[in-house]
Amino acid sequence: MDIASLIGVLLGGGLLFAAILTAEGSSLGAFVDYPSMMVVIGGAFSALLISFPLKKFLALFGVAKVVFINKTPDIPKLTKMLVSLAETARRDGLLALEERISEIDDDFIVVGIQMAVDGSPPETIEELLRTEMEAVASRHQNGKSLLDQLGRFAPAFGMIGTLMGLIIMLGNMDDPSSIGSGMAVALITTLYGAIFSNLFCLPFAEKLGFLNQQELLSMEIVIRGISSIQAGDNPRIVEQKLNTFIPPNLRTTADENEAA
Amino acid sequence: MDIASLIGVLLGGGLLFAAILTAEGSSLGAFVDYPSMMVVIGGAFSALLISFPLKKFLALFGVAKVVFINKTPDIPKLTKMLVSLAETARRDGLLALEERISEIDDDFIVVGIQMAVDGSPPETIEELLRTEMEAVASRHQNGKSLLDQLGRFAPAFGMIGTLMGLIIMLGNMDDPSSIGSGMAVALITTLYGAIFSNLFCLPFAEKLGFLNQQELLSMEIVIRGISSIQAGDNPRIVEQKLNTFIPPNLRTTADENEAA
Amino acid sequence: MDIASLIGVLLGGGLLFAAILTAEGSSLGAFVDYPSMMVVIGGAFSALLISFPLKKFLALFGVAKVVFINKTPDIPKLTKMLVSLAETARRDGLLALEERISEIDDDFIVVGIQMAVDGSPPETIEELLRTEMEAVASRHQNGKSLLDQLGRFAPAFGMIGTLMGLIIMLGNMDDPSSIGSGMAVALITTLYGAIFSNLFCLPFAEKLGFLNQQELLSMEIVIRGISSIQAGDNPRIVEQKLNTFIPPNLRTTADENEAA
Amino acid sequence: MDIASLIGVLLGGGLLFAAILTAEGSSLGAFVDYPSMMVVIGGAFSALLISFPLKKFLALFGVAKVVFINKTPDIPKLTKMLVSLAETARRDGLLALEERISEIDDDFIVVGIQMAVDGSPPETIEELLRTEMEAVASRHQNGKSLLDQLGRFAPAFGMIGTLMGLIIMLGNMDDPSSIGSGMAVALITTLYGAIFSNLFCLPFAEKLGFLNQQELLSMEIVIRGISSIQAGDNPRIVEQKLNTFIPPNLRTTADENEAA
Amino acid sequence: MDIASLIGVLLGGGLLFAAILTAEGSSLGAFVDYPSMMVVIGGAFSALLISFPLKKFLALFGVAKVVFINKTPDIPKLTKMLVSLAETARRDGLLALEERISEIDDDFIVVGIQMAVDGSPPETIEELLRTEMEAVASRHQNGKSLLDQLGRFAPAFGMIGTLMGLIIMLGNMDDPSSIGSGMAVALITTLYGAIFSNLFCLPFAEKLGFLNQQELLSMEIVIRGISSIQAGDNPRIVEQKLNTFIPPNLRTTADENEAA
């Protein structure tokens, strides 16, 4: 559960609601127009449907869920575990790692350790793990680009709706008193497009990009850790190498580690 | 047949039509203006004609067709086939692959396997296949850039049309009652440019980029597969390597593979 | 002679003229304003003069000519020639190429073949040809960037002209009947900037980029061909390598080649 | 204390205040609207909360402080110190550096020198220091991107607020005399968004980018210096190498250095 | 003295002046507003002060001078000199270059030749010269980015000024006759921002980028030349290598060179 994103959506939405409700002469009704919603949201999703195959398009909804429900990798814990595996390997040999595989709940590490135990050469292990890492990056990139595109199409269809509204209004200027309300309706699509893009699509895309970066970082740490373990590096050196990926104030030393 | 793109075009177009037809005081006639269409579509195509040689320009129509009619490479099937070739090569030697070439309907794989059978050195095969891959990427890139350019020129000519309409209207302000309709006509070119760009050109370009990416991925898999086969890798290793390119839930194991 | 660019300019210009002439209440005179032309075109060229040294700036005119008068390299013919040189080298030795140099009208190939005949080591030849290739790319890039800048400055000076026109108009609002015509004149600079940029500068820049890409491709083919010839590759292999750069439907096989 | 940033903020803010206070018919009150502030600043921060995990988001405030309170690395002094370490190493051997470690107050150098004294191989030291350097770059990049995003969201929420204000105003046009003030209020959010973005977020982000670049440069100098020291280079060569990173007019020669 | 930039500034400024003076109903006075100037120029410089440390900010003025007063490296002359040094080295040995050092007025070449004479290994010389080259590129890049930022902030503060002007005007609509002039004044800041950015900042930044590119090219030529000289290459080969950097029509052959 990612509390920040939820707070952000509620806070941002709440602020806009509050602004509408407290403004003098304003009413919520003036901001709700279903046909406008259809043009902006429907139009943006149509453009997205054209841009991607159906299966990719449907992935959008799973991807949007990840923004709220995700677990950022716990990098200090990951480092600790790799250092502990390095200690086992150093003390009892690489084969001794086999017994510890059941402790690990991250498939990516399991594959790497299993290959090391099986005696695959280091380059083969690294190549395989890196290919997996690139594949993960590319799948994430695809998810992010769905939201980025949606964030670009929504304001465009907002503008299309406003142009349509203006053309209709300008063709019916016999009754000047209706100009104001006609123009208000015309502007609503631009407003919808701007809110949909800036409160949802673009921040969601940004968040996915950040989560992707975190996951790639943790995979990079695993790859370097396994390579160090296989090379039989001293656990202290393994720790020193992996700690460079952690901000100084979160680093643990081998001693604390052993004590833990 | 790519159903998503077709649905997207019909849905997006339908929504805009519905919005026009249901809006109060609106009529379809107010949104049809042939000279405006000439300025926007004709202008954007003229700019495209200047930007590319004639032959490239004409390729635009073939490229646009690909958005609707294409087959995304079936990567799990491709992997299965390469693993099966690896099994043949491992059991009966590289030369045994010659008999299986007739089964393969993808020229790119045929060329690679044939060269492996002929005993070309691995680097030569990889270099040749990679050059072919780069050439495919560059041709696709060209097709995509045609649509990207069109998507950039269309709104520009929409704005040019609107400026022309405004200048004409502003020079004829003797009859104030005509100002509204003059301005409505002026705005139509901007609307056309925005729709043409956001419902056709840009999503089409995006789709081509995605298809290109998929095809390059499948070529990458073929290159790695052939290289593994030629190196005499164990079919399980070949499978493990190629599976990294497939999302985990779609992966098949060697056993299922043999059972299939 | 590049027919597409010429058609594009005439068609695009013609469409805009036709739109002006056929619009009700419009006249060509309303669209011609010399001071506005001075501000937009003169301003954009001034900014370009500041951006580049005089000699580079003057190259702009030669560069613009290339858009219309150019010859795209004939890559299938080039490939055929290199394959034929490979046959000569294979049959009669590298020195036999000396007699064939007079047939070649492309200096870039002549330099490479001459060096190969003189016995320069392959790396020296490749380094020299690649440096030449980079230098060509950099010169072309400079030409393209002149037009790209012009295409960016023109709309900016169009906006500057419109702002100036609006300020003048707003300071003279005593006579309301003149507001319309004052505003029409103010908008003309924006129109000029948009047309100059989108019908000339940007498509021209795009075309130069495309021509550059084609020329670099043909130079790349020459470099790979000469390297293959010098390595004594089988002409069939040379052909197969070079053919990868050609779309499949334009490829010729060695047999057709010999028959030709 | 970074005096320039402080002057910039005070000067820029002061100029805008002065412009408001001196303009005829203007009053500060017309520019203060709390609900508008909520929409723009609150909206932009909400979007930022969605874009990043909570911990990252909170880092924003520490990052903003760095803009004002920081110390740019003193590169000439750094170079002098590394040259002096090189002299010690050359004269008394690498081990002699151990005694000098206490003089050094930069952890990054201490780690490198300590490893050199401990006899770690040069590649290991460089790899470790480079990983640390990349990690620092990535943390800084994250901080900068928080401000960049804020600088993008603020004008977007400014526009959202203005659209909301316009829609409210257009729905209440019965009293024409209120149109002006309604529109003035509507425009205030756009003004807030533009000022918040251009006087705070974007310059702050730019400054962080610059500080990051400076710190990476000093880390690069340390890495090259330690590598040179470990290789036993002549201190004059070390100095010549490191001096290339300093603008010519700030360089010191070994002689001045010794005299100092 | 760079005549093109001076002509550009005078021509561009002159055109705008002429347009103002000749327009009907216009006066220079309507375009001069000191508070507006303060907001735009002062605001943009404030934002720049925040973006960079004081020392860097002050470098802006030196950098702007370079746009007008600079000498583009004379590459054909540089090539000739390197070829002549190659002849000396080939005829009389590398040590004979020592006597010719006094002829050279470019420090970068002197350093390289001196190191070659001193017998430094080629990789050391190249590494040192490349570091110097990167440092020059990075300093130039910094200078260019000052102007690029200024060119981005100026229109932003122009818009801020216009929004402030509009808000003031809209709050004082009791006297309709003042609306026009109020709006004219409001637009002036946008005009100032656009002119300052497009006639000064952006073209200046472009020019610096071009000068930087030229200087890096000449440094690249020097590095390759010295490497060739040190390798004892035949002067004709040296010339052929370096000539690739010069457009064909400006190349000199060794014979002309000797005759000169």
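Note that the chains take the letters A, B, C, D and E in the order they are written out, and that residue 1 is the start of every chain.
Here is the rule we go by: contacts are C-beta pairs under 8 Å (C-beta built on N, C-alpha and C of every residue); 3 or more make two chains touch, one makes a residue touch a chain.
Every value quoted in this text rests on a predicted model; they were computed, and no experiment measured them.
Any chain touching chain A that also touches chain E appears here: D.
For the pair chain B and chain D, chains touching both partners: A.
In the CA-based superposition of chain C onto chain D, the rotation angle is 145 degrees, rounded to steps of 5. Chain D and chain E, compared by their mean Cα positions, are separated by 25 Å.
Separation between the centroids of chain B and chain E, computed from CA atoms only, is 40 Å. Along chain C, no residue makes contact with two or more other chains. Viewed as a network of touching protein chains, the structure reduces to one closed ring of chains, two contacts apiece. From chain A, with the walk directed at chain B, the chains encountered around the ring are A, B, C, E, D.
Touching chain D in their complex are the following residues of chain E: 35, 38-39, 42-43, 45-54, 56-57, 107, 124, 127-128, 131-132, 135, 138-139, 149, 153, 156-157, 159-161, 163-168, 170-173.
Chain A makes touch with chain D in their complex at residues 2-5, 7-9, 11-12, 15-16, 18-20, 22-23, 25-26, 30-31, 67, 72, 177, 179-181, 183-184, 187-188, 190-191, 194-195, 197-199, 202-204, 206-207, 210, 217, 237, 240-241, 244-248.
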